[in-house]
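What follows is one structure encoded as C-alpha cells, with my remarks underneath.
Going in written order, the chains are labelled A, B, C and D, and every chain counts its residues from 1.
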Amino acid sequence: MGAYIVRRILVGAALLVTMSLVTFLLFFATPVDYARLACGKTCQPAQIEEVRKSLGYDDPVLVQWGKFMKGVAVGREFPDDPALRAAAPQLVTECPAPCLGYSTQTNSLVGTTIKERLPVSLSLALVAFILWIVVGVAFGVIAALRKGTLIDRGIVGIALFFFAFPTFFVGLFLYTYFAIKWQVFPIPRYTPIADGGVWPWLQNLLLPGATLALFYMAGYVRITRAFVLESMGEDYVRTARAKGLPKGVILRKHTMRAALTPLVTMAGLDLASLAGGAIITEAVFNYQGLGLLAGTAARNGDLSMSVGIVVTLAAFVIAANIIVDVLYAVIDPRVRVG
Amino acid sequence: METPMTQDVPAGRHSAPSGSAAPLLEVDDLRMWFPVKGSGLIRRTVGHVQAVDGVSFQVRAGQSLGLVGESGCGKSTTGRLITRLYEPTGGAIRFEGEDIAHRSARRLQPLRREIQMIFQDPYTSLNPRHTVGTIIGAPLAIHQVVPKDKILGRVQELLEIVGLNPEHYNRYPHEFSGGQRQRIGIARALTLQPKLLVADEPVSALDVSIQAQVINLLSDLQREFGIAFLFIAHDLAIVRHFCPEIAVMYLGKIVEIGDRDSLYSHPSHPYTQALLSAVPDVRQAAVGGRRERIRLTGDVPSPINPPSGCRFRTRCHLAQEICAKVEPPLLQIGPKHKVACHFPGEIGKAPEQPITARLLGVDQHGTPDPGAESVTELGTGPGYSDTWLDLQNRTVVSG
Amino acid sequence: MYIGRDLANANRLFYRSLVSFPLSADPKEATTPVPDLATDTGKANADATEWSFTLRDGVTWQDGKPITCEDLKYGVSRTFAQDVITGGPNYILGYLDLPKSGYDGPYKKDGQADFDKAVTCDGNTITYKFNKPWADFPLAIASLRAFDPYRADQDKGDKSNFSVFANGPYKLQGTWDEAQGGTFVRNDAWKQDSDPLRKPLPEKIVFQQGLTDDIIGQRLIADSGDDQFAVTDIPVLPAQYSQVTGPIANRAVLVDSPFTNYLVPNFKTITDLKVRQALLASTNQEGWIAAAGGDKAAAPSKSIVNPALVGYADNPNFTYPPAGDVDAAKKLLAEAGVKTPYKITFTYRSNPTRDKGASALQNTWNQAGFDVTLNPLPDTYYADIQKPSVVGDVFWAGWGADWPSIASVIPPLFDSRINLSAETKGQDYGSYESDTVNKLIDEAASKSTVDEAAKVYAQIDDQLGKDVAYIPLQVQKFYLLRGSKVGGYQAGAATSGYPDLGTIGVTG
Amino acid sequence: MSTSFLSVNDLKVHFPTEDGLVKATDGLSFDLERGETLGIVGESGSGKSVSSSTILGLHRGSKARVSGEILLDGVDLLTLSDEEMRQRRGKDVAMIFQDPLSAMHPYYTVGNQIAEAYRVHHDVSKKAAKARAVEMLERVGIPQPDRRVDDYPHQFSGGMRQRAMIAMGLINDPSLVIADEPTTALDVTVQAQILDLLQDLQTEFQTAIILITHDLGVVAEMADDVLVMYAGRAVEYGTVKEILTHPEMPYTWGLLSSVPDVSGDPDAALLPIPGNPPSLLNPPSGCAFHPRCTHRDKVAGDLCRTQLPDLVPGPRGGVHLKRCHLSDPDVIYRAEILPEIAPDLVEEL
C-alpha cells in the first residue's frame, strides 16, 4: 500500500507539472494581448512593449514556464531585475519555494493570495458538503426504502426541482428572502473562525452552503437512492435475510455499507473540485474564494494567478483522487493492493 | 497387437472422415504468459501467469476438437490465441500451413473471415444498440464481400439457417431469448463462411432444454458447411457428444488428448480419470447413491508459480519423486491417444515404474541417467505419428 | 488607481491634491478646480508650458510629518517607472519636458537629471515644465492622482497599490482587501484649518466590494440594518426599477455619468461619406436606450463629448431624431448609388442588454436599406477591435473622459498619428485619418487656456460630424439608491457622477 | 393430515405486477422427511427458486401473495409473525445459495459473515462466535480455518466459497436446508467435493435437504425424491429411481434427452425440447407444456390445450405422480425416447 501511495503521488506530481504547462500554452494560445490590456487605454506601442517586458510576457512560453517551475522548486524574486534590486531593494519581492508566482494585477504573491482565499472556498465547500451529504444521503435512503410511494416521489421531485434551478437563482432567492427581507440569517459575510469563533463562521456559511448543497443534493439523493435500491437487490442482502438478521442490521451493515461506498468516490471528488470554489455561489454571496479569484484572473489575463490556481486545484483533485482510492481500498477489501 | 488399436478412429456422427491431408489448423508449442506486475514503486514484472504453456494439437478441415478442463486451465486463452485476440508469447499457429502467430493486425484481416468465434455469453456479446440485421450484416459490410443491396438478403438467409424468423432482422437483441441470442451469435459467426469456428462455452449460459437445440444446430451447420470446430467447454458430456477428438487441459498444458473412445473409455491420465469420475450421472438413479469416484484433494495451484515437473502432481495419488523433477512428455500411447504422465494407465492399471524414465534419459527417480537410452522418435509435436508406445507390452508399435 | 470612482473617493477621503473639485452640485462649479494642498489653482506661463503651485502651510501626512514639495515631485516620478508600476494614466509621459528615452523613475534613476530639470522645487513651490502647452493641467490634477504627493519612504513600488498613506481626513484601518474592501477611520493628523474643502462627517466609512449588482439593489431597497447608512456607485438594475417607488424612490437620484456610448464606422470599408451619413440617419438611439433600460439608464447624446465636460457643445451635425430617420437614410443610400441592401457587419461587445440594443439598431438600419450582420464579441472586446484584422464595418465603443476636458476625449480617440500603426488601431477603431483634424488637435493643444482650446475642439467635433467619424448613441446615466439615514447626499460631475463621499453624513 | 417433517400443501406464490398476475408457484405440494433429500428440477422461471425462498419466508416484505401451508414439524410457517419467522430463518431453516461470490458480502470477512449467522440466534460473544465459525470452516474442509477465517470472500476459490456458504448455512444445525443450485458455477471436481460434503453433513445431522438444480445427474446421485416443475407447477413427483428410470411426463423426457450422457452411447441423439420456456405472466392454457410437447397428438381431442391435467399417480402406480393426459407414457418412453437417447438401456429395461 505504501508503495502504491508513493507511486500515485509521483504520478500526481507529474500530472501537476503537465497541467501547469498546459495552462501556460492555453494562455498564450488565446488571441488576447494581455500586455495591451494591462497597459491601459492611452498606451503607446513602446509602452506596451515595456509593460510586456515588465510582466515577463516577452519570453517564449517555454522559458516562462521554465521560470515558473524553477520558482516552484527553488523560489524566485519579482521582478527578476538585479539593477532594481541594487537601486531599490524594497521593490523586489522575495518568493520562497514553492513559489507559485507573482501577480502584477493584484500586486501580491500568488501563493499568499491563494492561501488567503482557500479557507473561504474550503469553508463553503465543507459546510455545503456536510449539508448535502447528510440531507442528500438521508433522503436518498428514505426514498429507496419507500420506493414507489408518494414519499419517494416527493423527495426525488423536490431534489430535481432544486437541481433544475440555476444556482445563482437559488442563491439570490435565499439571500434576498432569508437575509435581506426576513432577516432569518445575518447578511452573509465570510467570518474566519479566528475572528469570531465557530458559530459566526458557520452562521454566515449557512445560506451560501445551502445554495451549493441544494444543487448537489439532488444528485446525491438520486444516486443514494439508486445505490441503496441496487444494494437491496444484491444476493448478499438476500443471504443476510436468510440468516435471520433483523431488518435494521441488514440495512445498516449489509445494504448501506455497500451502497455508500461508491458515494465516497463521488463525494471526495466533488469536495475537491469545490475546494476550487463555486464561482456562482461565491459571486452571489460575495465570498471571496478561489472560484471568484479564478474567474477574475482569467478575465483579467492574470497568467500568474491562473496558473497558480490551476495547479492548486489540480493538486486538490489529485490528492482527493488518491485519498478516495485509498479510502476505497480500506472500505472494499477487493480493491486492496499488495 | 490388439486389433482395435490399428483400426481407424471411429469418426463422429456428423464429421467427415479424417484424411491424411495437411490439417486446417496446427498449433505447435503454443505459449501465452501474461506478465504479473509487482506492487513496488517501479512496477516490475515479477512473474508470469503461464496461462498456456506449450500446447500442441491439430484440427482437420470439417473436424471438431474439444478442449476441456476446469476453470483457469487455459482453454479459453487457447481459443483467444487462435482467433488472435491475443498475440502468443511463443509457439506457432499454422492455419492452412501459414503461421499466423505473430501476424500484424492488418495482415490478420483476411484471416478474420476464415476463423470466427462464438462466445459464451449471448447477453454481453451482442451490441444492444444495434439491430440483429446490423450485427449479422456488419462483417459483410466490413469485408465488402456482398454488395450493399444484397446484405439484407444474406442476413435473412443466415437467420433462417440458424432457425430464427428472417423477418426479425430489424429487432434488437433484448427482444430475443437467451437461446435465440446465441443463435444470433452463431449467425454472425457464419456470415463470412468461416473454415474454423472457435466456440468458447457456447451453451453453458443456456437452459438445459435450449442447450440441446444449440448443440444440434452447430452439428447441422458443421455437416452442411464443413466447418471445423475448436469446441471449448467444461461440460465433459457435451464435448463428448460433439467432438470426435478431445484434449484435456490442466494448468496451461494438455495432459491427455485422443479420440473420443480412447479418452472416455480408456482414460490414462489420473486427472482425466478424476474428471470423468466426478461427473454426476443420471443413470446412477437406477442404482441409487453416489458413484465411485477418484477424489482430488485441494485446489488447482496458481498458474503464476506452477508446481515443478508434472503440474498435476500436487493433487495426484500416483505421484512419485520423478514427477517433481521431470515434466512428463505428451507421449503417444495409441493410434490417436497421447498422455502426459510418468505413470499412465487406465484406472487400476497404472505401472509401478515410470515408463517415461528411459525415454527421457533419467532413472526412475527422475535423476539424469547418462546410461539410459533416449528414444527420440516418439515426438511430442502436434498430430499423431504412426508409431506409439504400447502400454501393456512397453514396446514401440506402429500402426 | 485608475477607476473614476476610486479616484474621486480617494480625493475626498485620504489623498489630497494640489487642486481639487469643490463639493458642489452645480456641474459648472463642480468641474472648476479650487485650491487644496496648494495655495491657489496654479500659475501658468504664457503658453501654458510651465505650471507652478505653492504648497499650503500645515498640511501633513497621517504620521504628522509635513507634506513637502519633494513628496509632490516623487509622486510624479513614480509614473515613469513603467517597468515596476504598470498601467495607469500615462499622459504625463508624453507631456513632461524630457528627452524621448531616458528617465525610468525614482528607483533606478537613469536620466534622473533630466527629470530634475523638468520638475523643480523651490522651497514649497513646485514647477512642472512641459514640452507642449497643457492648458487644462489643473483639471488633470484634480481628476487623476498621478500628481498627488507621495512619500518616498512609504513606497513599496508595485505592492503599494493597495496601501494607503493618508493626508486627508480619513485613513485606512488595517489593510485594504482588493476583493472585499476596507474600513476608513478619522485621520487624527489631519487638521480642519489646513483644508478648505473637506469636513470629517461619519466616524467610520466601510467599503464593501464584490457584491453583485442584484444584491446591492435588493439590500438598498430593503434598507435594513447598516444598509440604512449605505451609499453605492452601482446603478439600480432595470429589472429592479419597478421596486423603486414611493418612499424608496425618494432615496434614488438620477445623475449624468461621464460615460458615453458611440459607434464608429470603419473608414477602411465604408469609404463613401453618403453611406456613413445614411448609417447615421438611420441610427435608432431610442431603441438602443430602451434596451439599456430607458431614461433611468441613459439619454440620447448629441456628441461624443459628454455634456458634463468643460466646453461642451452639441455637435451641429447630429440633428436626426433619436429614433432615426429611415427615409432620409434611404435617400442618402440612393444618392450614394450603392447596391442595396448594403451589407455591413456590426461588431460589439456582447452582453444581454447590448444584444437587445444591437438588434434594435439592426432593425432600423435594415429598414433603411442596409443588410446588417451582428458580430457580438466576448469580454476581450477592446483588445480585439484594436487589431486591424478584426471584422466589422461599424464598431460599438464607450468612453469616459479622464478629466473633465475635451482634451481627454477627442485626441486619444481620433488623432491618427498616435493611434494608427501596422499592428494596431489604438483607440481609433474606425481607422479615421484626417490631416485637418490632426492639425486642429495640435492647434487646440497649443492653446494656453481651456476656453480657447474648447473653441478649437468644437471645430474638430464639427469636422468629425461632417465626416461621420463617429455616431453618438447615449450618455449613460446613474440611477443611484442610498440608505434612508444618509445625509448630505450628492453625486455629480465633480466625482464623475458617483456619490460624493466628501459631503455624505449620517442622519437619525 | 400429513405427519412428515416438512409438508408443503397447495402453496401458491403470486406476484401482482403492472402487466398482470405472475403465478410463480401455483398449487405446489410435497413432503420431506428428516435426513432425506428432495430434488427440485426445472428450467429457469419454473418456480423452483421462488417456492423454496417462500419456505424461508424471504417473500415477506415484498408484494407476493402467498397461500397454502408450509408445515415444518407441524408448525405452519406462513402463520408465523415476521419476527417469529425471522428467528427461525437461518436457525431451523437455512439456505445455501448459488454463486457464493455475490451471495457473500464483499466487504466483510468470511468469518465475520459466518459468525454473524451464529450470533443472531445465539447469545454468545464475538469471540465465541468466531471460534464456532472456525470450527464450521474446518468441518466443511477448509484448510487452515483459523487463518482463512479472516479472509475476504474474493480471496477464496470458488469451491472454498461454496464450502464457506455451506458452513454459514449449517452453523446453527438447521433441520431443513434449502440448497439452491449449490454447485452450478463450479467445476466438476469441486462439485463432487461439495456434494460429498452435503451428503456427509446430512448423514451427521439428519438434515432434510431441498436441492434445487437443473442437473438431473446431481439429482440422480443426491436425492431421494424428485419434483419436476414447469411453469410454477409440479409436473412429475416421486422417488428418484422411479422418476428417472420411468419418466412419464414428456417434459421430464425432454430434460433427460436434452443432455448428453457421459457414460452412455456417445452417438446417442440429443432431442431438444422445442421452443422456449413459457411466460409466467401469460401461461399457455390447459397443460402449460403443450405448445412444446411433441406427444400431444397422442391425446385424444384438444384435451392438452384446454384442460389442465391433475397431478395423479401414473399407470405404474406407487409414489409416482404425473401431470399429463398421456395414458400409456411408459410405453411411449420405451418405444420412442429411450432408443434414441440411450440405445444401450433398451434391453435392460
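Quick note on the criterion: a residue touches a chain if its C-beta (ideal position, glycine included) is under 8 Å from a C-beta of that chain, and two chains touch if they have at least 3 such contacts.
Computed from a predicted structure; not experimentally measured.
**Student:** Which chain has its C-alpha centre closest to the mean of all protein C-alpha atoms shown?
**Tutor:** If we average C-alpha coordinates per chain, A lands closest to the whole-structure average.
**Student:** Computing the C-alpha centre of each chain, which chain sits at the greatest distance from chain B?
**Tutor:** Relative to chain B, the chain with the farthest C-alpha centre is C.
**Student:** So what's the Cα centroid distance for chain B and chain D, whole Å?
**Tutor:** Distance between chain centres: 33 Å.
**Student:** Between chain C and chain D, what's the gap in Å when you average each chain's C-alpha atoms?
**Tutor:** About 90 Å, centre to centre.
**Student:** When the centre of a chain is set as the mean of its C-alpha atoms, what distance in Å lies between chain A and chain B?
**Tutor:** 55
**Student:** Find the geometric centre of each of chain A and chain C from their Cα atoms only, then give the gap between the two centres in Å, rounded to an integer.
**Tutor:** 38
**Student:** At least two other chains touched by the same residue of chain A: list those residues.
**Tutor:** As it turns out, chain A has no residue touching two or more other chains.
**Student:** For chain D, what residues touch not just one other chain but two or more?
**Tutor:** Residues of chain D never touch two or more of the other chains.
**Student:** What parts of chain B, by residue number, touch at least two of the other chains?
**Tutor:** In chain B, no residue touches two or more other chains.
**Student:** For chain A, which residues are in contact with chain C within the complex?
**Tutor:** 30-33, 36-45, 47, 50-51, 53-55, 79, 81, 83-84, 87-88, 90-91, 93, 104, 106-108, 172, 175-176, 180-181, 183, 187, 283-284, 286, 288, 292-293, 296, 299
**Student:** Report the residues of chain A in contact with chain D in the complex, numbered from low to high.
**Tutor:** Residues of chain A touching chain D: 234-236, 238-246, 249, 253-254, 257-258, 261, 331-334.
**Student:** Which residues of chain D touch chain A once you look at their complex with the stated criterion?
**Tutor:** Listed in rising order, the residues are 53, 56, 58, 86-91, 94-95, 97, 99, 102-109, 113, 116-117, 120-121, 152, 154-155, 168.
**Student:** Where on chain D does chain B make contact in their complex?
**Tutor:** Residues 43-44, 143, 157-160, 187-193, 195-196, 199, 214-222, 240-241, 243-245, 254-264, 266-268, 270-274, 276-277, 342, 345 of chain D touch chain B in their complex.
**Student:** Within the complex, which stretch of chain C touches chain A?
**Tutor:** My answer: residues 2, 82-84, 86-91, 93-94, 106-109, 155-162, 177-180, 208-212, 214-215, 218-219, 222, 224-225, 227, 379-380, 382-384, 386, 412, 418, 421, 423-424, 427.
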